[in-house]
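Presented below are the structures under discussion, each in the form of structure tokens.
In the two complexes that follow, chain A is the common piece, with chain B as its partner first and chain C second.
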Partner chain A sequence: MAYLTQPDYIKYVCSCGQLKPITNLYFCRHCLKIRCGFCICHEVDSHYCANCLENMPSSEARLKKNRCSSCFDCPSCFHTLSTRATIAQPRQDPAAGDAKIENKQPKKMYYLSCFNCRWTSRDVGIPDQPVASGGWPERTNPFAARVNQLLDYYKAIAQQEKQEKLDRERKKFAIRGKYMNLTDKTGLTGAMARNIAGLASSESSSSAIANFVPSQASEEVEELPEDYHTQEVNLKQITSMRQRLRAAEWQPRSAARLQPAARALSVKRSQRCRACDHNLTKPEYNPGSVKFKIELLAYYHVPEVKIISYETVKPGETTALLLKLTNPTAHEMQVRLLQPQDVPEVEEREEPKSIEKSLEKSLNLEKDSSWSKVLQRRAALPTACAVRAPDAALTLAQRDDAAEYDDDPQHDTSDIIMWRKSNKLALRLQVATAAGAAPGGPARAALALQYSYRNTVPPAAAAPAPRDHTLYTTLVIHLGTVAE
Partner chain B sequence: MSQNIKILPGATVCEDCTLEGDITIGGGTVIHPRVTIIADGGPIIIAEYCIIEEYSTIIHKKSDKQENPPKPLFIGAHNVFEVGCRLESSFGHIGESNVFECRSFVGVNVKIGSGCVIGAACNLTVTQTLADNTVIWGSEHHNREALEKQPSQLLQLDFLSKVMPNYHRLRKPNVHKRLPSRQSQEISK
Partner chain C sequence: MALYEGIALIQEKQAVVLDLGTDYTKFGFTGEAAPRCIIPSEYWCTSERRFKRVYDYNNEEELYDNLVHMLHLLYFRHVLVNPKERKVVVVESLLSPTMFRETLAKVLFLHYEVSGVMWADSARLCALTLGAPVALVVSLGARDAEVVAVVHGCPVLQAIQSQPLGARAIHDELARLLDRDNGTELHLPDHVLEDIKVRACFVPGRARALQLAGGGAPAARAAPYTRAERSLSVSGAARELAAEPLFARDNEMASLPDAVLQCIALCPIDARRELAENVLVTGGTAALPGLRARLAQELRHLVTLPPYRDRLRVSKFKFHTAPAHDNAAAWVGGALCGAADGGARALARDAFARERRLADWPSLLHTTPRTHPHWDELAEAEPLG
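Entry: the complex of A and B
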């Protein structure tokens, strides 16, 4: 909860150089590196409506313009609209007389209403519907024909360019087949043969290009109404900019022309490490579920550091800092505090590519591989404050969910260990601040952790990978502002 | 302070609420427990079929230019005061079918017409007049004009007046409709 409501006091350095709180980071178990939202691959798994939790295949979602067909948003405040029922007496028909007595049963009618701003579909004169969901009148865009024409035109152009490119490629590597065919015998190409036979050319797209009329700017513009400058403005009847842009197709100017907008779909996405192509998170397919099938969050693998308390940082002085370390893994962890400059450089060694992989690479030469490159930079670490790290290995016990019912905490306190409780450890540290630290500026200290990590990924059969690793992580601790 | 609370027959007023000063509560109105109504600057008259929910506060504040006799604060029919709202009007009149949503605040110099909605946690402090059917919502106090008045809560009122006596001690109506002459005198006082 503290991570949601409070500022991020502790930030970890991602392997791409970003500074993020531990809850925003992922941990790739295959590269053994911290990853963040900027240096991983996001993939759309499924589309669903967050209101009615209906799943939609991506092709259908594209067809419906990524909008739900049964849920609507309020055009006034963008909250979700709810369906409300009223009982309407059918109007007495004087001509019908007594013959239609059974029709006088009260009928349920439905309208849409917003619980936030109390907008209703009656406000803009949409008639009530006899069915609870669906059946709402759809408004067509006055420029729909033109938009479709443009779409067809651009699709045709894209198709043509693709075709041209393919033809060029084919010319380069003309592969003669084993078998003779008609075109080889007669020296005709398929297109020519079709032309001679009087058939339509194979590229139907060319008609879209030929029939396209470019739009023209006109000299004459509609005059403004006479009372445009003198009419008093009633802001309640005019839509706001946000309301207009929400309905991009109509952009209503008056509030009386607002229409319920179909709700935009949400997306379930899985995230993938760009270096090793393994999944970092994979949600369950069911839209109602908030669980994950794969969930490699840093919070479950990297030792968590929290500030218990600290003395106000003063320039040129040494102040106390109390930290709490937590081991989230199910294995015992050895932790050593280091200075960030003591972290050994991880050299990027090129993995020996297997033959299959290099073959695959040569086949995929055309494929753009720039997406897999990650821009890496070094994080700018603060230097004004330094945490005096004692050179001692600290043992953090494994996480034990039953441990909180144990009564006696272990008391192996020393000069730096304040207390120890199951998988948690409280440390008393010193922060040395440089004399030149600017008073009033933010006091930030960098600290590095060396920790042992047991990899629980079942190793590949061929190469038994080492299970125990020594990993490093760097974090930045925010200690308020430097005192005067 | 003089305690002069008149509850008309048909009103459901819980015992566990603070009523101070000269207050008249109309028939059909439901007042939940823990409501505070203080008629400091003059009498408060609540008309029929209002719902006043828990922890809402209605204060008729004493002003510097106190008229003599003090002007009553008249709250029209079918108003809904949701949980934790606060009304500090000293204007004499509040229309009907208004909704004061949860934790809304209406300050001293705000005049409210009919059919208005003051959204959850909206604060109205500046001197202003809300036209009929104004809806105010959101942290940025957006406003718009509704086409029609808010639907009345008659079903809810029916339910509350049936259920409330089962779980709460109620104040008994102390004004009887059989004496219309006396009642009209009291209101005009």
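Entry: the complex of A and C
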């Protein structure tokens, strides 16, 4: 686990050049590359309400404007509102007398209340409801009617433009045949014929245009009352910007006009590698579950490096650094420490073209890969400090959950291996700092790892892909600040 | 599943409208009367551990990252749709920098793989919400006040006026007044100043402003403002005078009413009267109580004074009300525009992939015929990539 609240001491270089802690990275098993949130494709998977954990199909969510139908947020402090019940005594009606004696049972009435700021739906005069969920009055946008008028008008204009364009085209290519048809002979046009027959005009759009009234400007502008500046002001009665923007459709200025806001839904996202279109993560459908169906996190595939301790970095000196390497995979791993500049450049292998591929290309279905050029960043690797990497292949045992309970660390008699315990390995390394490193500046060192990786993806039927790969990753280690 | 995909291919997905303002971003679907969300244009930057504003950038790469994060927030936290294969209407200012537009285009087309982007300027979209053929759009944003005349669907480019008289100017003045009244430097953060402005400030009428300037008027009532760490009293002067910089005249004639009149004066002579009778004041700052009324009074007064009296023969000023809240008028225009033409005017993704260039008014390239020798010169100068 990297660190929840602390800064990230070890950052990995993603294949797109971003520096991220290992917990924020993914590992595509098909491209065998590290991916991060920046260079993958996110997709909305399912909608759910985070309060009542109720799933909502996306079509329904669209209909309800991504709002939950049973949960409400406080319009004042944005906390979730709770439904409270009260017993309401039916009002004694003196005129009715004893006639409705059986109706006198106390009735349960419900209102919404915020446990955080004590706002209630009674504060703004919303009547209590006889049912616990739903039935709350809905407000409509005051501008909706006018916007719909405008929309009809502009749609009619767009339609008319399209029609005119079509007519022009038709006229251009109208073939004057040898034979006269009926309309030519009689001089009737289609529209006239329809008119005579009493059918609705084909240009139904024109009514929307004819009936449209443009906005009327007025000379009067709403002025503040003459004594506005002497009026008492209570800022608590005026909403803040956040409260207004929460209700983007109404934007009430007075706190008395606030309304409970239906809670916005959340989504589960699935993530996809852009290069090969395989899923990297896919959540379970159930909103209560935090598990994934597919979960290709770098944390499960890439050796994790942690700092055990380090000596303060001083300019021009060599200091000690203790690192711990962990193999998260279920296969033995060969690790070699390298300098970042020794990592071979990944050459883009041209895949042998199959018939399908070339067909795709001819159909222009092939993935547009121009995004990769825009995304690609060159990570700025620190050069002031360098980790002295011993040229030795280290073997990391596979992860074995049972081995966690063994307590005697197996000591290797090596000058760099401090101890070894199941799939973990502690290394004693040296950090050489350049004499010119600025004191007080951040001390960062780059280190590259070469590791063997066994691909467990069942290979495609036709071509048995090699199962063992040698992969590289580069990481940046933060070693505090350079001492004076 | 195959059936659904077939339907999706036939039916155009509802496009989204994006209005990336300096302070607030408006985002929602076309054809709707209000944006789905209006949120501050900032995101939580994990590497710097602070909220980062989209417009805080030093180079193109940083802006690209900012936009990617902001759009991720909008698409996956607020509007909850897949950006892929969905059209976008971008509401932008006529004066938005080329680098910003091009980076936004790259983010939308290459990073989020949207199927088309329609670029529309906010002035025309504001005019669209009125349905009136001629409109003078006075848009008071976070940074600038822009005055654009829209005559029959065309913004009059030579008459565009822009002055740094937006919300920032009011915040600065408010901070100065509060410091003066409290006798210390308060160093109030921007969001507190905004809150004070929104809840306490108003714009007095012209008559009262003159009285105040003459020093012969009783001050307005002070308002107590409570904060978690410290309460302060917002004096009457601070409440009333915070928006005065918008109307302060000097020899440069750079106040807001001056900008409006200069814009009218630069327009074709036969449109001037129409423009003066179709003024639309919009933008978030226009929601300040009393601002419209004051602007109307100032305009009616200024037009009788020398430089304008002779050049403009305008007697009446009439004002429109847009069918939207002030901060979302341009967005509503975008929603109307996007829904009406169904994306026919959008720049398609494959067109952008073929040629990475956006049509923009300062560049005449998109109206230059292909046979013109200028194209060859351009190709030699910089290979398009």
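One rule holds for everything that comes next: the second predicted complex is superposed on the first by the 392 of 484 C-alpha atoms of A that agree within 3 Å, B and C clash if a C-alpha of one lies under 4 Å from a C-alpha of the other, contacts with A are read in each partner's own complex, and residues count from 1 in each chain.
Everything that follows uses one rule, which is that a contact is a pair of C-beta atoms (placed from the backbone, for glycine too) under 8 Å apart; a residue touches a chain by one contact, two chains touch by 3 or more.
No experiment lies behind these values; they were computed from the predicted model shown.
Q: A:311 contacts which: chain B (first), chain C (second), both, neither?
A: neither
Q: Comparing chain B against chain C, which has contacts with more of the residues in chain A?
A: Touching more of chain A: C.
Q: Determine, under the contact definition given at the top, whether A:128 touches first (chain B), second (chain C), both, or neither.
A: In the superposed model, A:128 contacts neither chain B nor chain C.
Q: Is A:295 touching the first partner chain B, the second partner chain C, both, or neither of them?
A: Touch partners of A:295: none, neither chain B nor chain C.
Q: Looking at A:154, would you say it contacts chain B, chain C, both, or neither? Reply first, second, both or neither.
A: second
Q: Which partner does A:54 contact after superposing on A: first (chain B), second (chain C), both, neither?
A: Neither partner.
Q: Once the shared chain is lined up, is A:251 touching chain B (first), chain C (second), both, or neither of them?
A: The answer is second: A:251 touches chain C but not chain B.
Q: Identify the residues of chain A that lie in both the chain B contact region and the chain C contact region.
A: None.
Q: Within their complex, state which residues of chain C touch chain A.
A: Those residues of chain C that touch chain A are 24, 26, 28, 31-39, 46-47, 49, 61, 64-65, 68, 72, 75-82, 84, 106, 110-111, 113, 128-133, 194-195, 198-200, 202-205, 208, 220-221, 223-226, 236, 239-240, 277-279, 289-290, 292-293, 296, 316-325, 327-328, 332, 335-337, 339-342, 344, 353.
Q: Touching residues of chain A toward chain C in the complex: what are they?
A: Of all residues in chain A, those touching chain C are 7, 19, 24, 38, 41-44, 47, 61, 65-66, 141, 143-144, 146-148, 150-151, 153-155, 157-158, 212-219, 221-224, 228-233, 235, 238-241, 244-245, 248-249, 251, 264-267, 269, 368, 370-371, 374-375, 377.
Q: Considering only the defined contacts, which chain B positions touch chain A in the complex?
A: Those in contact with chain A are residues 117, 119, 134-135, 137-138, 142-148, 150.
Q: Enumerate the contact residues on chain A facing chain B in the complex.
A: Contacts found on chain A: 76-77, 116-120, 122-123, 236-237, 255.
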